[in-house]
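In the part that follows, the structures are each spelled out as structure tokens.
Look at the two complexes coming up: chain A is in both, with chain B in one and chain C in the other.
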Partner chain A sequence: MNLLPFVVAGLVIGSVYALSGVGVLVLYRTTGVLNFAHGAVGGMAALLVWQTVELRMQPPVAIALGIAAGAAIAFLFGLVAGPSLARVDQLRKAIATLGLALALLGVMLFVWNDKARTMRLETSRISFDVAGARVNVTQLVCLALALLVVVGTLLALRHTSMGTSMRALASDRELAAVVGTNVRLVENTAWAVSGAVAGISGILLADQTRLEPAFLTFLIIPELAAVVIGRFVSLWLTLVGGLAVGVGQSLVSAWPTVSAFSTAVPFVVATIVILVATRRRVVTVGVVRA
Partner chain B sequence: MKQDFFSRTDVRGALVGLAVGLVLALGLPFLPGVGAGLALRTLTVCAIYALAAAGVGVLYGRLGLVSIMQIGLVAVGGWATLRIYHATHLPFEVVMVLAALVTAVVGVLVGLPALRLSGLSLAIVTLMVAGALEVLVTYAGFPNGGNGFLGRVSGGTLAVIMPRPGLGQSDDEFFRYVGVVVVVVLALLRWLLMVRPGRTWAAIRQGEAGAVSLGVNTVAHRLLALAVTSAVTGVAGALLAAGSGILDPASFKAQQSVLLFATVLIGGAFSLLGAVIGGLFFYGMPQLLSTVGLDGNLVFVVLGLGLVQAVTTAQAGIAGQLAELWRRLRPRLWPRPRREVTV
Partner chain C sequence: MNRILRATAALGVGALVVALSACVAETDTGTIQGAPSADADDLRCGLGTGEEATGEPIKVAAVATASGGVDFSSSPSSAKAYFDCVNDNGGINGRPVRYEFGDDALDPTKTAQLAAGYASDTSVVAMVGDATFVGCDVANVEYEKAGLYSITGVGVPQACFESSNIAPVNAGPRTSALATLQYFERQGQADPFFAIGLNTRGNGDWVADGIEKYTQQAGIDLVGDVLSDPAESNFLPLVSQVKQAAPASLVVVDPAPITASILATAEQQDAKGDIQWACTASCYDAQFGEQIGYYWEGFVANSELALVTAEGEDANQWRAVMDEYADADAPRDTFSQAGFLAAKIFVDALLPLDTENLDRETVSEAVLGVRGYESDLLCAPWYYGEADEHHANHATRMAIIESGTYVELEGCQDVADPDMAEILEREQSEGLLTE
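For the complex of A and B:
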């Protein structure tokens, strides 16, 4: 059996998982919010693109609109819920985004029902052969974009003032505020940027897989697996993790006998990483405020 | 000591809850309007989901653990029930207990690795399990009397339907049956929360360092909690399977697990009343919306936003607000003579 097409497909999907995971990671490090709604924001963006293209809008404009919508949704949530979220612990922050995911899923199901659609970007129509595997331009875009975003994020975090502020917040929120960082501005920027990243990856994933609200919402699962492999800190390891999860899923789905278990790959990988990464949890003194 | 036990406020509250629950379970079918037909069947399923909600509520409210896979575990319980029934034809009550045990084992196995880390990793892992279970259940289907491990009939063979338990053949008998089982299981859970394990769980939630310094094995106690709540959820799966005799993978999607979690937090995770409210919201509200002609998907929007609100501002949920209301109203309704307090 020629496994190369599966490896290529896995690498492409995996690179989008990684791309999306970078958005989750930057937001998590900056605001402490692990965004379970990342996939739902992407789904929303993809469906908006599909809808506006159906309404005869130029695809590039539609895509720009979709990405802007993703950024706007995340930004608005950060703007409205951010101040209250800042006061609760990390687990509750994450749970609150679960509510956002549910609400967005509800809106998508209400407006577009749960029919599986397909969306083909213009770039997917141009394809060529590489060593027996068919590759289209969208897939190249996915791979290049993932690499670009990882490198770009690393450079931005290191060399821009906003990036420095984000690192300051990630290190210690209170201290960053004390030395005069505009915490709200930095957090809102992080929300908007991660929303835009979610939008981009949602549109790409909708093109590569299928355009279905619940499916796209729960793509947060492999994306989170990538972040877990990156141990919630490393952008490069997140990239590696995304690729690993993508290729793993793709290879498992290559064999008919086990193909049904391919969705369990993120769970297995994340569990192994969680087991290996930290031997003991650190017990800290603190009182839970109910 | 015996008198002390009965004068404890939590014990009295639990007894009142037990009495109200039993009255509702046995008396509701007599009510005109809600006591028959679709409404009664809906209430039956709501009562069943109250068990799953109680599992989520105890884990979150008593231990601070987030489990987003509970509907997946309901599916596991239902699958085990049908599998065991078609293999052995044992009485339903025995099958139910066995299914609860199977579900407990699955829940523990899944949670074991994540429990060693922070609460966030359990949330992540359980969400992943919810996604994986959805696909597995869709792939495997539910046993309906066929051969082999999966027990699926194929071709033109008719599916075999598991009969309802002997004590609950008709709709209103089955409601009473479910009602009594739910009340008994909730009572056992309440009792567990009042005795040593429950108090240890509370100690862990209050401060892990303190619990560790008292010699509490926190991982073991968390595992016990996972086992107990998973077993309770397995009972819910068994009852669901008994209700229709056959189950549909479409009712166990991953978003349902998230929805259940939302309803529990909105209902109130700190009390079992919250679980009952959560069960009502989870299954009753979509039915209610579609009865009045609205799209059932709006439930996701309402409950999703409700979850954000519950997490950020109203931690105790609706049950907490009801309890607060009761605390304020009671002195006005039944004014008590002020007791002298001697120190």
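For the complex of A and C:
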């Protein structure tokens, strides 16, 4: 069997998982919020793009609007819930975003019926053969964008004042506030950036997979698996994690005997990484405290 | 900070405007393109007196899945529209129908609760236009205990067709899939055949079983019978399997959004080839043709009732009633026709009864006694009858996508199902096909 098409499909989906993962990670490191609503925000952005294109809006404008809507939703949530969330523990922060995810899912199911929708970006219409696998331009965009966002985020964190502030917050929130970092501004920026990334991923995933509210909302699971592989710290490892989950899923689905388990791949990978990482973290914390 | 706030507020308002304008735009889709226009006679529902019924209301209910990811509410919505029309035309000999439906939100526990609620309320004389995706089995338990009967609009899982107190107006996914297979068989394009479905208990497996049995019986080489996970994101393996198996034709028995994704993957891999692609009635709706794009010109679908553009007394009345009494954005699809027809069968069954004596018992007797009910929406007479299974609709039509819209490909054809022998036997022995 020619496995190349599966590797290509896996890399593409994986790169979007990674892209999403970067958005989740930046927000998590800056605000301490693990955003379960990341997929739902992406779904909302994708459906808005679909709707505005149906209303005869130019696709590039519709996409820009979708990404902006993603950023706006996340930013507004951060603005409203951020101050309260800052005072509660991480578990409660995460649960609050689960609430947002379900609320957004409810709105999407209310506004859009369950009829078939497809999102075909113009770039998906241009395709070519690579060693027996058909590749389209959107897929190349996915891969390039994931790489670009990882590198861009790393550079921004290192070389911009906002990046420095984010790193300060990630390292020690209280201390960062004491030395004069504008915590609210940094957090709000992180929410907006993360929302925009969610929007981009949602639109790409809708093109590459399915344009359905519930489906896109729950893609947060493989996206989180990528972040778990990055151990909630490393952008590069998140990229690797996303690609690994994507390719793993795709390859598992290539064989009929095990293909039924392909949706379990993110769980399996994340569980293994958590088990390994937890063991190591206990040791590390012990050493630091000693 | 303030700048960010202002910018985001502006974006938020923009997004809201878009969302709202989307809602407004959908209201334009009320009428069906290509359908004959309605005349005044189409709105003479029931007795057709043109006078509002003012007597004591008759309570009728339905349980449907309207939220939770699947929306089957078009069946009870059209039933309600028809009842409203009847109420404006003299009702059931002067008594209006008071209709309500409960949403089970894709949760069988909720279906059971709703069914138990309606069953215990003895003023509910019958269930009409139901469309639950998950709870026919649990609902039937309640109905059976209470002697309540349902003229269901849309049944999907196996249990909806194998219940004593539930009789669907539609044909169901198994019949729809077999109809597609047999259409290709008549065209000499069914061998070898490939079937794609959903790995769901009591639904996907039931359809797959039908296809396996029929292909075996007809000597058709079934080169693939794949059931995929409802949460599957990557249809490349499936498309590769189709490509390798190289069938003459195939049927997709999935909900329309999943079918659209499978087709998108196939298009991306340019896998259409010489294979005749088709789907069951789940993707027979106006939006589907537009969404899958011109690559799929010639795509075939089954239709369990008349095409939405069809000309005919009931087909015309359905469109007229929807335009007059339903929300402009209520879907005009097969499920809507099914709910309308369920309500019409019910009203026609009640009109000959003594109005003073309408209670659950008399109504149930009348509903059970429906036989040989003819409508241009159906292919063959519909009936209820006392039995442990109800599957009256087993003759369907085929449609094909031309220039992005469905047009009729083949008229009514009876569908053969190896497991339906008993039902066909009963139709004849009990004379269910004639009034």
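Here, the second predicted complex is superposed on the first by the 276 of 290 C-alpha atoms of A that agree within 3 Å, B and C clash if a C-alpha of one lies under 4 Å from a C-alpha of the other, contacts with A are read in each partner's own complex, and residues count from 1 in each chain.
As a working rule, a residue touches a chain if its C-beta (ideal position, glycine included) is under 8 Å from a C-beta of that chain, and two chains touch if they have at least 3 such contacts.
Note that the structure is predicted; figures quoted are calculated from it, not measured.
Asks: Is this a clash or a fit when chain B and chain C both end up on chain A?
Replies: The answer is clash.
Asks: A:L224 in the overlay: touching chain B, chain C, both, or neither? Say first, second, both or neither.
Replies: So A:L224 only meets chain B here.
Asks: For A:S124, using the defined touch cut-off, is the partner it touches chain B, chain C, both, or neither? Pick first, second, both or neither.
Replies: Second partner only.
Asks: Look at A:V41 in the shared chain and tell me whether it touches chain B only, chain C only, both, or neither; answer first, second, both or neither.
Replies: Neither partner.
Asks: Let me test your reading of the model: by the given contact rule, A:A214 touches which partner, first (chain B), second (chain C), both or neither?
Replies: both
Asks: Looking at A:I274 after the superposition, I want to know if it touches chain B, chain C, both of them or none. Which is it: first, second, both, neither?
Replies: Only chain B; A:I274 stays clear of chain C.
Asks: After lining up the shared chain so the two structures overlap, which partner does A:L109 touch, if you call chain B first and chain C second: first, second, both or neither?
Replies: A:L109: touches chain B and chain C.
Asks: Could you say whether A:A260 touches chain B, chain C, both of them, or neither, answering first, second, both or neither?
Replies: A:A260: touches chain B and chain C.
Asks: After superposition on the shared chain, which partner residues are touched by A:F6: those of chain B (first), chain C (second), both, or neither?
Replies: A:F6: touches chain C, not chain B.
Asks: Is A:V247 contacted by the first partner chain B, the second partner chain C, both or neither?
Replies: Once the two structures are laid over each other on A, A:V247 reaches no partner at all.
Asks: Choose the clashing stretch of chain C with respect to chain B from the list 56-64, 110-118, 236-244 or 380-388.
Replies: 110-118
Asks: Is there a shared patch on chain A that both chain B and chain C touch, and which residues make it up?
Replies: 109-110, 214, 218, 260, 263
Asks: Can you tell me which positions in chain A touch chain C when the two form their complex?
Replies: The touching residues are 1, 5-6, 9-10, 13, 48, 51-52, 54-55, 65, 68-69, 71-73, 75-76, 79, 109-111, 113-118, 120, 124, 127, 134, 136, 182, 184-185, 188-189, 192, 209-215, 218-219, 249-250, 253-254, 256, 259-260, 262-263.
Asks: Would you tell me which residues of chain C are touching chain A in their complex?
Replies: 1, 4-5, 8, 11-12, 14-15, 18-19, 21-23, 25, 67-71, 199, 226, 229, 231-234, 236-237, 240-241, 255-261, 264, 268-270, 283, 285, 287-288, 291-293, 331
Asks: Which of the residues in chain A come into contact with chain B in the complex?
Replies: Per the touch definition, chain A meets chain B at residues 34, 36, 81, 84-85, 88, 90-92, 94-96, 98-107, 109-110, 214, 217-218, 220-221, 224-225, 228, 260-261, 263-264, 266-267, 270-271, 274-275, 278, 280-281, 283-288, 290.
Asks: For a test of understanding, state which residues of chain B touch chain A in their complex under the given definition.
Replies: 64, 66, 68, 113-114, 116-121, 123-125, 127-129, 131-132, 134-136, 139-140, 205-210, 212, 253-255, 258-259, 261-262, 265, 270, 295, 297-313, 315-316
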